[in-house]
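What follows are several structures.
Across the two complexes that follow, chain A remains constant while its partner is chain B and subsequently chain C.
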Partner chain A sequence: MVATVVTDVVSTSRAVVRGASAAKAGTSARWAWLWSLGQAIGPILLALLVSAALLLALGKNPLTFYRDIVSQGLFNKGGIQDTAIRMAPLLLMASGLIVAFRANIWNIGGDGQFLLAAALVAGAGPPLIGALPNALAFVILCVTAVVVGGGWTVVPAYLKARYGLNEIITSLMMTFVGVNFANLLIKGPFRSTTTQVPQTDVIPFKELLPRIPGTRIHVGLVLALIAVFAVHYVMTRTAFGLKLRVLGANPRAAAHAGLSIPRLTIVGFMLSGAFMGLAAAVEVLGVWGYVRADWNPNFGLPLFALVFLARLNALAVIPLVGFYAVISMGGHFAARQAALPDDFMLMIVGLILLFMTLTEYLAGRSERGGYLSAGLKKALGKGGGDE
Partner chain B sequence: MTNGTPTHIETMTSDLLQADGVRAGATAGPIGPAVEVREVSKAFPGVVANDRVSLAFHHGEVHCVLGENGAGKSTLMNILSGMYKPDSGAVMVEGREVTIDSPRRAIELGIGTVYQHPTLIPVFTVLENLMLGEGVGVRLDVEGGLRALDRFAKTLGLEVDPHAPASRLALGQQQQIEIIKALWSGSKVLILDEPTSMLTPQGIEELEKVISQLRDEGLAVIFITHKLHEALDLGDTVSILRGGRVVGSWGPDVVKTKSRSEMQALIVGAMFGEGAGSLEDVAEVRDGVTGRARRRGLPNEPVLELVKVSVEALRGEVGVHEVDLTLRRGEILGVAGVDGNGQRELAEVIAGQRSMVGGDIRLCGESIARAGVGRRQSLGLRYVTDDRIGEGTVGTLSVGLNLVLKRIGEEPFWRGGRIREEAIDQAACDLVEGFDIRTPGTETRCGTLSGGNLQKVVLARELSFDPKVVVYNKPTYGLDLKTTLAVRDRIRDLAESAGVAALLISTDLEEILDLSDRIAVLFRGRITGIVDNAPGVERHVGELMLGGDRGD
Partner chain C sequence: MSDMLTAAFLSALISGGILAGMPLLFASLGETISERGGVLNIGLEGMMLMGGYTGFVVTLYSQSHWLGLLAGAGAGLITALLMVVFCVRLGLDQIVVGIAILIAAGGFTSVLQRAQFGTTYPRLDAMSAVEIPLFAKIPVIGPSLFAQPAIVYVGFALVAVLHWVLRSTNMGLNLRAAGEKPEALDAAGVSVTAVRSIAALSAGAFAGLGGAYMSIVGAGIFVPFMTHGAGFIGIVIAMLGRGRALWVVIGSLLFGMSVSLTTALQLVGITVPIDVVNMLPFVAVLVVLVIFARQAYLPAALGLPYKRGIR
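Here is the complex of A and B:
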């Protein structure tokens, strides 16, 4: 977040044209970052406040609850490592969402792309790791996951690019197919012969992704952080990223400027799916070593809220994903302590989404610009807010 | 509630019909203004949009509020229609001070507004659109609605099909429905925001009839415009806004007694301040423009040739049918026609944004029929779109990036796919200066610029980097006078001094007469004639515009 703020200020201060009023640009830049920060944190604080009220109503002490979350997720030595480990797939998926959403592509099917890639990695992993040097096996498995994740978007991408079919529907449908196909693989060809419950063979713990020395955190987190920075660089500094942004902000302007919309749509969609696949590879090879049938961590939905809170800025996503990882890892502990169901954490995410919508509305009224680009807004049919 | 609705409409309509009483009252004097604003101020970050504005709008009067873009007209209108709350000052309706805190409240107070852009729901029928805001009844009272609509149509002298879907109506008809909609719940005050900007000459004529009718019925009509001749044609009272202040206001006593040219001098003086005398020479201000003579001695060097170009008609369009046009180096070829006769289709097929179903397009002798938008662009064929917000610019990107929007990834602004901000900034600064784009900086978001400055951004982009042929589609549409003149000068200069050929597609006949060497007329997607521009040619062009005289 701080890094974005700094770049924002730098780029705005560079803005002053010869002979134009420098003072005005300066002041608005000084306050713009504060507004963005408030826009990102405000909904979270409000959601925590309302949840606190609910906890009180349920007869629980919200302070204890939140303290449990923070102490377990952040200040406990094992807890913070769990948090960091959880961040790896989330950051990769967030990168995938940002690429797509920036280009006005609603890739709703992230969970399907993720699970299908996970199933293939878990299925092909044990024999490959047994037969090849680990490093080579990891590379092959990651590439496989990238290809599977990206490949699973081809149908919605092509239908959108060629016929203008709504990808929200098609990618969601592909998720149903993908999730069930993944289960079919796990219960069928990839099924382990050694276990009772249907699942794949297990990669031994020692053969999983290498750890960062002195911790339990696997190198997938490093990979994820590199991916986030790469996405940020590509979206802000390269011609390809700008083309995707133009497509997202105003598809008609993209056509007018002579950009190849079908090609951009397909490439952007596949890139997004590729990140989902990579997230799956990292999670399976770094944490689990196998996939059980009907396993679905449902990482996608909360991430939607986070990437919009970050206003589709890849760097700003890092602290938000970190925060969410704390909540979700610490939340399990806190919920258990308070004798609440795990779903209570989902409710907090839901509340964040709700308050985001409110902030978005207020932002539209104050002409500050909200979380969504104009193109996305149009796609959602929200309309208003713009001049 | 369902039963209550028609009675309500009936009372209101009978008010409309029994206008004599109101009119008598209005002319007799003692009745106060229908709406009055007193010392109203409204500021937005960085700009005072309305600065102690005081104006009174009377029954039975058309009050034209005239001003350039950004003069504060729309802000004033939005205050009256309940969209904005004034920072200070009072709004009086029928002599009582009121707070208009929502559009609903404005309607309750009898203030109806017709916005510049259509707000009808396309898939609903006319009647459904009109009855949208009605009551809380479970069932639509179709009978009552039909009766009410019939009365409105008779009063205003309009023909309305209540069951036609709104999308099927021409823009002029849609606007008529918008007017009826604004009056539907009994408005005594009608605000029209730049109502002619979307209309054809015929549409404007019909609108003027409707407005006179409404005035005679005793309504207070507030007519917001930036076109001087409209204020002269229609206004009983004319008020001028400039920089958020009222800089001139003349009631019927002055407007009716002064001659047109005297009024014009008064208004031009108020609108543009000292030294505005030279502006009176200009087409927009002058009454009745005639063609300038075709320039002789242009090199006979065709740069753009259209050979039997045809375009399929999409929904609601007429398409383009076997159009032949030849544009020579340095020539300005005007394409005249009533709006919706294939202008956009023609422009887009030349730019490459639409596919041809037949024919060929040649640029400097070489066919570009198979070239895409980007290729045509780099060959020197440029397209100044008529939709500068919708497709011409990306509002969320900076002015600088918008200026190089069609060169993404190209040297010198990108190298190896990576952006070179200094190069873009340098070029953008030069263009901002050269095209007089008023922006706080090149990093400013483009969407915050005014319409005139957006158009300058589009022009700067299209006319730089070695253009050969430029297709202008309604290049001055919706612009204020000064910008309009600047844009026309630029089109002319570029053609005359740099030899850049221009295909000037415009629905503003004055503009075409003022700039063109030859004039082609587009009617239902076909060229009905091509004539040399000359004084007195406008009658002939007018006939062609209505489809006649194909043999020319």
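Here is the complex of A and C:
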């Protein structure tokens, strides 16, 4: 018993520091970054290739399609600003996912946390901004969103912490409830009396979050970047981050090290939800100014692929989110040109995720480790799992 | 409140429960097999969508509902081949692959649907109901229970077969061993990979059948993302059913009824907002999970790849 505990702790700490030591390992490390770059780009290329085959089969020209994506999302002056604007909520949600995944918590319910927070911000926004100085109103609204997003994770977090119930299922159930609940709010108490379509009152454009001078990009992007760096710092340089990572790498080792697993689980889960809420506040206050009923941007699912591709590294997420923002904004244009639904991009992301597992497998065979911490693979709740 | 118990209300509740419950039944039966064998199939919903789309297209062109249902099961099975290759053979992470299948299949079927039927929206004829003599004459439950399309009876027959297979055959025992202690199965000379492959493939076929039921029998049309979380409810039912086929039936029909409750309520003059209708099954799942949290059971080796010699 003692022996297994010792090996647990040793292998865990080894896993935790593996990232650091690999960087210091000397000459071979010089090429390590190239290797991880290849592992990130490989699946993307494969996914684009398979999608191109489908485009061909549908009688569309894949080259035109991809050219449309890039030219609209990256090389068009308005387009690239749209791309940057889209990055703001995505970066915040990715930060939330990283916090959760590092701690062995599968928060799949990001979309519900996002939408419910968005509905409340859009509902409370117009009167608040009218009554208070803008800066104060923004702070109150962001805090509201953070509380709502974090609060919506309490049920799955508690069920996981107390009974070991699989949070993939519970957080997803909460998403479906949250999305519909948000709609009820928008069609009910928050419904604007001035419009035909059910939606909230609109915050006037000039009352939205301030722009970065010279652009249309709102300051939410700056906030999102700060959040990403903060998450990176906390996860890699602080005791709290280490606790979460130990929990993620090996829950048994964490328990033997005296950490309170239920408490860490709940805190990590809520923190993750809080980022989803903040993402909603930034998107509503920076871009839309209102929320329509049945609006659901479905940011959450595609982000899994990006966060895993970044190997749960907050800084590596930035370029990948940028890439996805290009695909998503440019893809909207390209899809309309080709008379296809935006869901085409969803398929690309799903394929990226699939091919990523394959490249991980090949990488694993060359002993370079995987994208998942050891404990994350056991992240299936209780079921008498590893006891 | 007394008129809530009218024949029309109960009849609508039961037949609606079956209509909405059958896809859940098929999906959760599939997940039961898969989980028993140690393969967690998070991509169940994706397989349902593939089955729903394929079933719809095949029925549309062949004009045969049965061919469509079969094709739906086939499409689910082919999608599950990905699980077999990636998770069972290569031992890759079941959750990540499952999510990948979910996302990719959702996008794929949506793209195909738009490209083919984006402007026409063809509909299928309803599948004709088969009345079981005598039973169909029973008041209230007769017309709702014993005058259903034949696939419903097939579904219940499958439950009986599965119940027997899981409990009383070698295959069932092997399946359980693959999920609880794969080393033991391996030591007994049975291939864990083969058993788990069969489990994953059957899950795909069942899920595909469930999706096909949804599009062919239920709606008569395929709409992108029409499963709307049914696959995940199926996973929950399988978890709560603790690997027992009979419990899975009860669970599916109860959840089906919670969906049809609102339609039935409208018959007696109570209108409920559509968002509440959509929300209800998920609230029901959560309530059940909170109450029965301790009862949910998952096999010990669920989700863990099996590699010989690695503990």
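By definition in this document, the second predicted complex is superposed on the first by the 355 of 387 C-alpha atoms of A that agree within 3 Å, B and C clash if a C-alpha of one lies under 4 Å from a C-alpha of the other, contacts with A are read in each partner's own complex, and residues count from 1 in each chain.
The definition used in the following text is that a residue touches a chain if its C-beta (ideal position, glycine included) is under 8 Å from a C-beta of that chain, and two chains touch if they have at least 3 such contacts.
On a predicted model such as this, the values are computed, not experimentally measured, just so you know.
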Task = Would you check which partner chain A:Ala255 touches, where first means chain B only, second means chain C only, and both and neither mean what they say?
result = first
Message = Taking the superposition on A as described, I'd like to know which of chain B and chain C A:Gly214 touches: first, second, both or neither.
response = neither
Query = According to the contact criterion defined above, which of chain B and chain C contacts more residues of chain A?
reply = C
Query = A:Asn180 contacts which: chain B (first), chain C (second), both, neither?
reply = second
Inquiry  = Once chain A of both complexes is superposed, is A:Leu242 in touch with chain B (first), chain C (second), both, or neither?
reply    = first
Request  = Applying the touch criterion given at the start, work out whether A:Thr357 contacts chain B, chain C, both or neither, answering first, second, both or neither.
outcome  = second
Message = Tell me the contact category for A:Pro133 with respect to chain B and chain C: first, second, both or neither.
response = neither
Chain A partner contacts - residues on chain B that touch it in the complex = 46, 351-353, 372-377, 383, 385, 387, 390-398, 401, 405-406, 408-409, 414, 417-419, 421, 425, 429, 432-433, 439-444, 447
Request  = Would you mind writing out the residues of chain C in touch with chain A in their complex?
outcome  = 40, 42, 82, 86, 90-93, 95-97, 99-108, 110-112, 114-115, 118, 224, 228-229, 232, 235-236, 239, 273, 275-276, 278-279, 282-283, 285-286, 289-290, 293-294, 296-300, 302-304
Key: chain B contact footprint on chain A (complex, rising order)   = 11-12, 14-18, 20-21, 24-25, 237-240, 242-243, 245-246, 249-250, 252-253, 255-260, 369, 373-374, 386-387
Query = Taking the complex as given, what residues does chain A use to touch chain C?
reply = 54, 58, 106, 108, 155, 159, 162-163, 165-166, 168-170, 172-174, 176-177, 180-181, 183-184, 187, 301-302, 304-305, 308, 339-341, 343-351, 353-354, 356-358, 360-361, 372, 377-385
